[in-house]
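First chain A sits with chain B, and in the next complex the same chain sits with chain C.
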Partner chain A sequence: MAALAESFGRGAMTNHWVDMKNSDVILVMGGNPAENHPVSMQWILKAKKERGAKLIVVDPKYTRTASQADLFIQIRPGTDIAFLGGLVKYIIDNELYFKDYIVNYTDAAFLVDPNFKDTEDLGGVFSGYDPKKKKYNKSTWKYQLDENGIPKKDPTLKDPNCVFQLLKKHFSRYTIDVVSEITGAPKEKILEAYKIYASTGKPNRVATECYAMGWTQHTVGTQNIRCMAIIQLLLGNIGMAGGGVNALRGESNVQGSTDMCLLFHILPGYLPMVRASHVDLKTYIKKTTPKSNDPKSLNWWKHRSKYIVSLLKAFWGDYATPENDFCFNYLPKLDDGKAYSWYDLFDAMYKGKIKGFFAWGQNPACSSANANKARQALSKLDWLVCVNLWDSETASFWKGPGMDPKKVKTEVFLLPAAASVEKEGSITNSGRWLQWRYKAVEPPGEARRDAEIVDELYKRIKALYEKEGGAFPDPIVKLNWNYGDGEVDTKLIAKEVNGYFTKDTTVKGKRFRKGQQVPNFVYLKDDGSTACGNWLYSGSYTEEGNMMARREKIDPTGLGMYPKWAWCWPVNRRVLYNRASVDLMGNPWDPERPVIKWNPSTKKWVGDVPDGPQPPLALGGVLPFIMKPTGVGTIFGKGRADGPFPTHYEPAESPFKNILYPKVRINPVARIFKDTPVDKLVLGGDPRFPYIATTYRVTEHWQTGLMTRNMPWLLELEPQVFVEMSKELAKEIGVKSGDKVIVTSPRGKIWAIAVVTERIKPLRIEGHTCHIVGIPWHYGWRWPEDGSGGDSVNLLTPPAHDPNTSIQETKCFAVNIKRA
Partner chain B sequence: MGRKALLITPELCIGCRACQVACKSWNNLPAEKTKNNGTHENPPDLSGYTYVKIRFIEKEVKGEVKWLFVRQSCMHCGEPACVQVCPVGAMQKDPETGIVFYDKSICIGCQACRSACPFDVPRYDKEGKISKCYMCIDRVKAGLEPACAKTCPTGAIKFGERDELIAQAKAEGFKVLYGEKELGGLGVIFALNREPAYYNLVENPKAPEKVVALGEMLKILVAKGIPINNSIIKEFLS
Partner chain C sequence: MDVKFTRRDFLKLSIGSLVLSSLGINLEPVKAYAKELKIKNAKETTTICPYCSVGCGIIVYSKGGKVVNTEGDPDHVISRGKLCPKGASLYQLANNPTRLLKPLYRAPYSDKWKEVSWDWALDRIAKLVKKTRDKYFIYKNEKGQVVNRVEAIAHVGSAALDNEECYILQKFLRALGIVYIEHQARI
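Up next, the complex of A and B:
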């Protein structure tokens, strides 16, 4: 999401599931839809059948998705940027990019500060690198501005300091030979993939990309996705039907939880989280609101003040007034420069700095990388509350393998929760569609809905504060909390999320009464007259009713957008950045698949909801990437921690040299935890752990398997943790398919059943044989109860992380395997 | 209602096995206690509690890996040997839909049907009674499609009028329609682009020659109240 937001402005799948039927080329790399999103395959197969689309699958192992591919390429885990960088070079060298698109709709023509130095100049790091702090000073990563403060451009793309020329130089050594040597893939197949993919630089050819955790779970995770974003911008595939960079979300509502600020650095609707230096609301707004001097840039985040004030009004209602800064200081604040990611929390927990922990629908004893650390960290807590459908390896950690219950002081509470079909509410799917669900059955036994548990918890905490006082009771006791006196009414929450008017008011010439629902976020204000729980969802529950509950199957464009099926953020726009799908006059680049089209006689857009009603660019309109202050798609990603361009670095535990940058083997700013004795990492090769392991999921199980290991019909299909390996490796270690083996890493060991397969081949890397093995992470000691399933592969995975997101590098780490 | 069929297109199958689970769900069949035998395929075989399973077939063709997912279940033959051989009429063919179904209450568990089946499909429950795919005839008669077809996300399992499914597969250009003619025409037809053996399907399936005679003999034994054991059947057919 960090990469997509940097490149296009929003951290979300650009298109949606059904739209994949409109593609000419589908690249699946860093994902495995047939196994992890099986229903989506109907659209991919439809594109193949009806459009003759080509499916290319690039993966460390041959997957069930690969079984449908026109071209499958096995690469070494962690070498995606080499593969994609080679594609960038191929597109540029052969002039296959969509020139009108990149000149007008991207920063390709923008001039960069001449003091900026590339990895090609500095042998593997960008200018500003501080080797002591392992951080970049990004002061040279910026555009040159003209006298009006607008980026200088060279539309001919010839200036050596323009982004296009810098990009060309950056990837100039990513030749097919080099790509093959790093990835282990055969040259002819690499070239074939490049040819097929780059064919979509034409206006009437479109490619999409599907990725998931196979790209994010690396020390270069964000840059894997950035590289793809750059390719899609070069080929003009963003904003188009059948195009995009599509993050296949791995949980039914993970897009929703991100939108509602699951992550520590944001508030609902991707408003930045408050930092200690934001001493008051004015400072927060000033410091976080981007500016643009370009009149053609809509710079949508200029509306920040309306969204934060409306959020504060939703939180604290009548208590939030202009006089008290709308209770801004009730918000908790992060220390500046400090990360509070999952792994920071568990690091702090391990160090005894956290007393209590709610594991709500989570199973960190199995899901966390270096899970032994997580399990031990839980024992440092005073109390642990687990809210789940079942007992879990987390809730029962105190009696798990290697634990002495007598020595664990943590008091554990397990609250039974209702499953998704036992409650009403919305689910935001991967394609940003908010779909309302009704309750099918009552929860069993004492199981309760999450909302009810939160509601009662809140009311009890509030009562305690009211009775006993406390250091700072106001943020709790003054919360605007009206979701029903007895049962929580989910619709009331949804209505607050949409937003409402707090007093009679007139906006944009329209009069609204106090208590009326806000039509959409365009009507939100920063004077306290509107309250809104998430500006991005404004429009989902209006005076017309619950838009998320709509079920009309009409498809006026024939492109599968179904505008009256559920509701899609933002403002029911089905394809993000759709203004980039038309030329400067508003005519679709591809007339056969018009997402939107300008009607000159009515002076209105036809088709999807456009990114703003303004006319086409040449007729006085605005640039297409409205969430970026520049208004264009970003090739030069100056906001990332590890560089404006993606660069091939080896994975932290790779045994191989970085042949492109011999002096900088791994991502120089990768986050590596090393404070505690359990944070073990092998940097560079170690003969004790000669094989490269990668983790993944299979169709039959879900996440840590808590829901599926308890479902006998699914356990029957995939009953035990396994390790997939090549015939060659099996022979080398004397193992037959079905044998039990012991897999070890510097962090721990597990047993697994060997699955010896044709689907993984040893690769030849830098003159050495490279054996790759794959292990799913669905298993845990608690279920099945007889222990026959095995334990979590995360007992083996490393404490190395992406510097932007702190996501763990579980897709590539060092192991050894022996017969049990 | 004319003859019904399932059209299986292995090329569209992604091996998700939702069909296996949907079958167990609709029929309320218990899970089997399995282990990983070095393959993703599970349970290892059809059983009285597993009516349909997907075979996972790995191949190397001209140096390229292929992974095929091929359905294994009752083929609902047009001329079902199991029906011919069943001495008590427990195994039946529905004249309307062509579905081969059974009446457990009269099955005597002689297992002649398994011996007669060209595809080795019939299996038995704990009580020794016949237990196999019956193409969800209860759903079909109620105007619904079988559970496996209903759940299939990619269209690899299609249910409908047999003639229409065949015409549709031909129009789509499939080179081989396995089951169009075999054994009086199967009720489960595979749309293929290669020879059936590539998908581990039985080439030219045939019922044992003595099936009709076996059926006659078994009926006599039943009429005389002589208990039938499987070794008599094996001996007769060998």
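Up next, the complex of A and C:
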């Protein structure tokens, strides 16, 4: 999500599932919808059938999505940037970019500080690299500003310091020959893919891209996606129906849980988490509110003060007043520059710094990379609370493989939770649609809804603090918590999330009474007169009722936006950045697929909810990427930790050289954990682990398998962990399909059943044969109960991570395989 | 002819053609009659699949407090009645003999789970949270800046919860001063 936010302003799928039917070209790379998002595939197939769309699949293995493709290309895991970088070069060299779009709606014409140096100048690193700290000083990664503080531009795109020319130089050596050598893919196929994809640089042709964990789980994960974002901007495919960069998210509500910011670095609605240097609310607002001097930039985040104050009001209600800084100091503060991410968490736990731990609807003993570290870390806890539908490898870790319960001090609670059909509430799908679910039955036995468990725990902890006092009790005892006396009423929570007026107020000429629901976030204020749990969801539960529960099947545009089906953030806008789908006069680039259109006589937009009601750019309106202070799509991504442009680096455990930058083999700022004995990594490969492994999912299982390994129908279809390999490798190591094998990595070993297929083929890389194997990650020792499913592949995966997101490199690591 | 297909054969066979199981099988005509009996007079509620993020619609039929049938929601604008094997198995999530029914507790150094009451478990957890929080609360960091946080308690989860649950969960955790808050989005 970090890459999408950097490029376009918001970290979410730009379009939505049904919209894929509007595409002319669909590139699936880093994902596999036919197997992992199966029902979405009908929209891709519809585009193929009805529009004659072309489907291109690029993947380390032949998938069921590939089986439907017009063109399938197998590449070596971890070489996506080489492949995409070659496409950037192809588009630029052949002038296939959408010139009007990039000049007006992206930073292509912006001039960059002349002191900025590219990887081409410095042999693989950007200016500002500090090899000791393995970090960049980004002071030269900036635009040149004019006397008004607005970026200087060269609309002819000729200035050698303009972003477009820098991009051209950056990828100048990503020739088809080089791409083929790095990826292992044949040149003709690469060229064919480039030709098809680049054909969408015209206003009336649109391509979309679908990715998932196949792109994020790399030491260059963020830059994989950045590279695609750059391509989509060059071709003018963002904001368009059938366009976008679409993150296909893995869990039913991972979009919602991210929007609600169950993450260390953000507060609901993507407000930055408070840091120690934010000594008061004023400082927080000043330091985190982006500024823009460009009158054409809407710079939406300028409203930050309204969102944070409304959040504080939702948290601490009447206690939050202007006099006490709206209880700003009740929020915990992170140290500046310090990460508290998943792997920092388990590192701290392993080192004994964490005493108590909640694993709520999650199974880190199987889902955490280098899972052995996570499992051992759990044994250092004083107490552990697990909330789940089933017992898990996490809850029962103390009796897991290699554990002696008599030596494990951890006190463990396992609380039974209700399933989705046993409660009421909303979830947000990948396309940002909030859909409401109803309760069908009561939970079984004594199982309880998660909301109720949170409520009970909160009330009991509050009572203890009220009775006994203790450390800093105010944020707890004064917390605004009114969700019903007996059972928690989810609708009351949904209403708080939407926001309400805390007093009689007039906003934008409209009178509102105290207690009335806020119509949407445009009405939020920073004076304490509004409370709102998540500004992004404001509009989801208004005075008109629960918008998320809507089920009207009307589709006025015919583009599949269904504006009255459920509700979509923000403000029911179905296609993000839709102001980029029109020209400067507000006419759609593609009149056949108009997401929005300016009606000059009524002076209003028709179609989707536009990114701001302002008129088109040429008629005094605003730039299309309203969440970016520049107002435009970002090619020069100066906010990333590892460089403004994506660069091909080898995966941490790759045995191959980096032929583009021989001196800088892997991402120079990759996060690598190494200071505990269990953090093992073979940088640059190791002959003891000669094969490259990648993890994936199967249709019949989900995540660590906890919600599928217990389902007899699903388990029967995919009963145990397997390792998929080519015929050539099988022959080399003397195994056949169905044999039990032992897979080892520097971190551990598991058994698996060999599945010998034609779906993975060995590649020739740098004169060597490169064998790739694939292992699904859904298994664990606890279920099935007889252990016949095997254990988690994450026992093998490495402690190497993306420097922006800290996501692990589970898509490419070194293993060995032997007959059991 | 004696044909025995293992899952592996199935995988092999599937190459080159999209197998049904990954696109959703329409069993309606075959099962229509049996289902009619089952869902007669049943309560009908709509839900959204709890697995992947497509957000397919499912109709749940329940009778006497039991889920008696689940099937793809034909009115749903994204899924149009189709489900993949996971969504199609929702029935087994609601009717599952291995689900947890009672709070379980494992004492330090014990080798087994013990059933406990909710009251006991929640009170004990509340006490442990308070004890840990009080002991390790950090008012100021090394630089002397006010930070009001707890690093000794951590939390992960969850993308499996509803939005409303996620919201009150993070509100609760942040009110306690917890900063190690993470979930599936990171991994």
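Here is the rule we go by: the second predicted complex is superposed on the first by the 820 of 820 C-alpha atoms of A that agree within 3 Å, B and C clash if a C-alpha of one lies under 4 Å from a C-alpha of the other, contacts with A are read in each partner's own complex, and residues count from 1 in each chain.
Rule of thumb we're sticking to: contacts are C-beta pairs under 8 Å (C-beta built on N, C-alpha and C of every residue); 3 or more make two chains touch, one makes a residue touch a chain.
In this text the structure is predicted, and so the values were computed from the model without any measurement.
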Touched partner set for A:736, first chain B, second chain C, both or neither: first
First (chain B), second (chain C), both or neither touched by A:444: second
Touching partner for A:281 - first (chain B), second (chain C), both, neither: neither
First, second, both or neither for A:788, with chain B first and chain C second: first
Partner chain in contact with A:759 - chain B first, chain C second, else both or neither: both
Contacts of A:595 with chain B and chain C, given as first, second, both or neither: neither
Touching partner for A:717 - first (chain B), second (chain C), both, neither: both
Superposed model, chain A: greater residue contact from chain B or chain C: C
Partner chain in contact with A:67 - chain B first, chain C second, else both or neither: both
Chain B versus chain C as contact partner of A:409, first or second or both or neither: second
Overlap of the chain B and chain C footprints on chain A, listed as residue numbers: 34-35, 38-39, 41-42, 62, 64, 67-68, 699-700, 712-714, 717-719, 737-738, 755, 757-759
Touching residues on chain C, where the partner in the complex is chain A: 6-8, 11-12, 14-19, 21-24, 43, 45-57, 60, 62, 65-67, 70, 75, 77-80, 82-87, 89-90, 92-94, 96, 98-111, 113, 118, 121-130, 132-134, 136-137, 139, 141, 143, 145-187
Residue numbers on chain A that touch chain B, as the complex places them: 34-35, 38-39, 41-42, 45, 62, 64-68, 72, 698-700, 712-720, 722, 736-739, 753-759, 788
Chain A-touching residues of chain B, taken from the complex the two chains share: 11-12, 14-18, 20-21, 24-25, 30-40, 42-43, 58-60, 64-69, 153-155
